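In order of appearance the chains are A, B and C, and numbering begins at 1 in each one.
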Amino acid sequence: MVRLEHISKQFGAIRAVDDVTLDIPGGAITILAGADGAGKSTLFKMLVGLAKKDAGAILLDGTDINGDYSRVTAVCGYMPERFSLYSDLSVEENMDFFAAVQQVPAPRRRELKERLLQRTGMAPFRRRRAGALSGGMKQKLALSSILLSSPRLIILDEPTTGVDPLSRIEFFAIIEDLKKEGRTIVMSTPYLDEAEKGDHIVFIRNGRVMRQDSLAGLRASFPARLFRILPAGNIFEVMRQVAADPDLAGRAHPRGRYIRCLQTGAGDPGERIPHLEMVEEQPTLEDMYIYYERQA
Amino acid sequence: MGRIKAIITKEFFHILRDPRSLTLVFIIPLVMIFILGYSISYDLNRVAAAVVDLSQSRLSRQLVRAFAANPVFAVRSRDGAGNRLSLAAAEDLLRRGEVREVIIVPADLAQRHAAGRPAEIGLVIDGSDVNVANLAYQYSERILLDLNAALMGGGRLLRLGTKVYFNPEARSQFFFIPGLVAVILLMISAMLTSLSIARERETGSIALLFISPLKSGEIIVGKTIPYIIVSLLDGAFILLFARFWFGIPIRGSLLVLLLFALLYIVAGLALGILISTTAPTQRTAMLATMLITMLPSFLLSGFIFPLDSLGWALRALSYVIPATYFLRIIRGVVLKGAELRHFLFEGGMLLALSLLLLAAATRKFARQRKAVQ
Amino acid sequence: MSHPAPAIAVRDLRKDFGVFQAVRGVSFDVARGEIVGFLGPNGAGKTTTIKMITGLLKITSGTVRVDGLDNRTQLVQVKRKLGYMSQKFSLYPLLTARENIEFFGGISGLSPRERARHQARMEELVPAAVLRQKVQDIPPGLRQKVAMFVCLMPDPGIVLLDEPTSGVDPEARRVFWNDIYGLKKLGKTLLVSTHNLDEAEYCDRILIIHNGELVAAGAPDELLRQRRKASIEELFKDAIEEHGQD
């Protein structure tokens, strides 16, 4: 639905976004994953016209918007990073305000508001001030407010950062519902376990796209295999041997009672690590992200 | 219109839901007036005076020359058309604040002098500025004593008959407090809007306003209207406090004053918006607003230093400071009972400044918003 | 064993804030040398529990024993055994890392020789250039490292970390856990609260707390097996739903 082509943005000497080309496929969840300061927020801001891009093109439904950002803002709902609504306004007042600003006709506003309040479980709190809501509830309110204009494209900048795990799970359930309604979602997150739920995953580091694909695609093209090893003997002793071995150092890390180790090429790390048990596992996004990051 | 209404409603919610801030808006001015009203004092050094010479004798001309020769006074004895000032014309000058003192030479001066009888020189002083009034009185007395000595070696040929207009009790608070009201009103109104926008910036909600279909002008107008009402109430509140605590009589019409205050407040609110476009947080907005509104309003508006005593550069600057005009208006209306027609120029300047600031604020805001276009 | 008592023993711990019951009768042990993960939604009582263990928050009822010492009657001794990094613990942002270390070393009552030793160890862990930087300019991962180092300067046997990895990027998070294993290797006991469910696997045991009550406790793979769940996320959801939401 949206395609960004060769987008760049410089802040002084820092290349915040460096020649980024990426697709946001329609009706799917696209997740930008990367550390703080990787350029995710800047990219979103350039998409909605809140920051000026130095170079590149934005294509919406196949045609270049040519600087007409109202084409994007007319179809999108954008939730900025660390965004909080008016904390002294109630849930409903916040929603009414944003609906009015977006010129949603009153009857439609009422109907949509009811539906969103029900769907997000906020109906009992409709008169509560936004400031008195929990972190997860605040995010749901922010999401509901931007959904009042029925956007086709939903842009969420780190909506789950700092939100507790239960709320994050609930938040994601809503996002998946939105996808089922045929909407396009693009969001950023620093949590790689969460990014696994995306249809299209984009690793961003230092303003550049490191890799982008589906989870299956990323796994298929990942050049290493992951082994989970239950070491024989004291794990610290074994880790010391691993750290001293130039072939294994940097590829293995302890996790609980296990050592997780990446293996490129043939064979397996079992030959070098004394073990009681060894299983090959699917690498997680975190494994892949860290692998590519160390390559870079 | 519906969208502006949405913003206005929302701003009213903000105002009413935060009783603490609202209280501060009313309490801070009280504290400031209280402290400053009791503590400020200052000196002056140049006084505009008008002479009404009803005698037109050799002696009266000698007296007028004595005043004119003294550097403390800037004396005028003729009106714009070159005619000699009449009593009524001089009183009008005094009321408009163009002169601080009127010297009236009685018609029978020469006769009385010839008969060796003492004559009374009338001195009418604008007491709304106590320091000027005192100074004017003392220098005038001095000049007459010198003249007496020259005429007949120390006797009392000429006597001063002094009348203090506008502030007969000569209380300096009468002069300071209306000025303080002017400064405080500007600060509070600018602070209201600058904080309101800086807050949106801090919470990130401004991004949603930025990308909404709202026009920048609509956002600004919607943000301004609720605070006009708050500021007007605040202004009326401060004036009533001044009236009943310091006992300052409001001689002119409160309605006229509030009408001018409206223009003045709009200038302040627009200034606040302008400041907020460069202030990333509420804290910076607050400090910047205090600095930008208070310092020039205290120093360059004629509040502490009379405009005449400023260098030309600062003097020029004083013309673009809204407080300069509102200060004259509020002193005139409160202390002298001046009317709307007396301050058409000041009112026009306030209107022009308000519109200018509003346009600048909208432009700056729009520019910031359209980072791209 | 010379110390038969667990490092931390919490029994029927409760905390009321007015009518709100933040912690409602929590009991658990943390064994010596163990890493225990403390998981739960916001407001579930993680921070409140940790603060009661440190003695920063008054206990409404129940007991906390640290190395067998009651933290109500022997708080001074208990404090010497504990290292605590609060959720919001921040170094002074305008001071350099080294100045922070000097300051906190100064107020921790360490002897000058001990301080010098710590200083030297920090120089090994963090590049000198970083130590000279103002804390606000140091990347979050390294900043966290310095913060933890500061907490560990008095060399406590038991370390309580309240959400140490929130806002830390993936690579730094992995490095951070490696550091935690380093502490475990030194024989330290760790209680770590976290928002990131995937970190549960790093722990010997996890505690899941919800609405002030423990809803699950045990080794992560053990719990997964018992509840027949494929992931910690499902386990977490299950434990909380079973317990019922408010």
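The rule we apply is simple: a contact is a pair of C-beta atoms (placed from the backbone, for glycine too) under 8 Å apart; a residue touches a chain by one contact, two chains touch by 3 or more.
Owing to the predicted nature of the structure, the values given are computational and were not obtained by experimental measurement.
Asks: Please list the single chain whose C-alpha centre lies closest to the global protein C-alpha centre.
Replies: Central chain is A.
Asks: Measuring centre to centre with C-alpha atoms, which chain is farthest from chain C?
Replies: Relative to chain C, the chain whose C-alpha centre sits farthest away is B.
Asks: Starting from the mean Cα coordinates of chain B and chain C, work out the distance between those two points in Å.
Replies: 62
Asks: Find the geometric centre of each of chain A and chain C from their Cα atoms only, then give the gap between the two centres in Å, rounded to an integer.
Replies: It comes to 27 Å between the two C-alpha centres.
Asks: Distance-wise, how many Å sit between the C-alpha centres of chain A and chain B, to the nearest whole number?
Replies: The computed centroid separation for chain A versus chain B comes out at 58 Å.
Asks: Would you pull the chain A residues touching chain C in the complex into a rising list?
Replies: 34-36, 134-136, 161-167, 169, 190-193, 236, 239, 253-257, 284, 286, 289-290, 293-294
Asks: In their complex, what parts of chain A are in touch with chain B?
Replies: So the residues of chain A in touch with chain B come to 48-53, 67, 69-70, 73-74, 78, 80-89, 93, 96-98, 100-103, 129, 145-146.
Asks: Write out the stretch or stretches of chain C touching chain A in their complex.
Replies: 39-44, 140, 166-167, 169-172, 174, 177-178, 181, 184-185, 195-198, 201-204, 210, 220-221, 233, 236-237, 240
Asks: Inside the complex, what are the residues of chain B that reach chain A?
Replies: 2-3, 5-7, 9-10, 13-14, 17-18, 203-205, 207-214, 370-373
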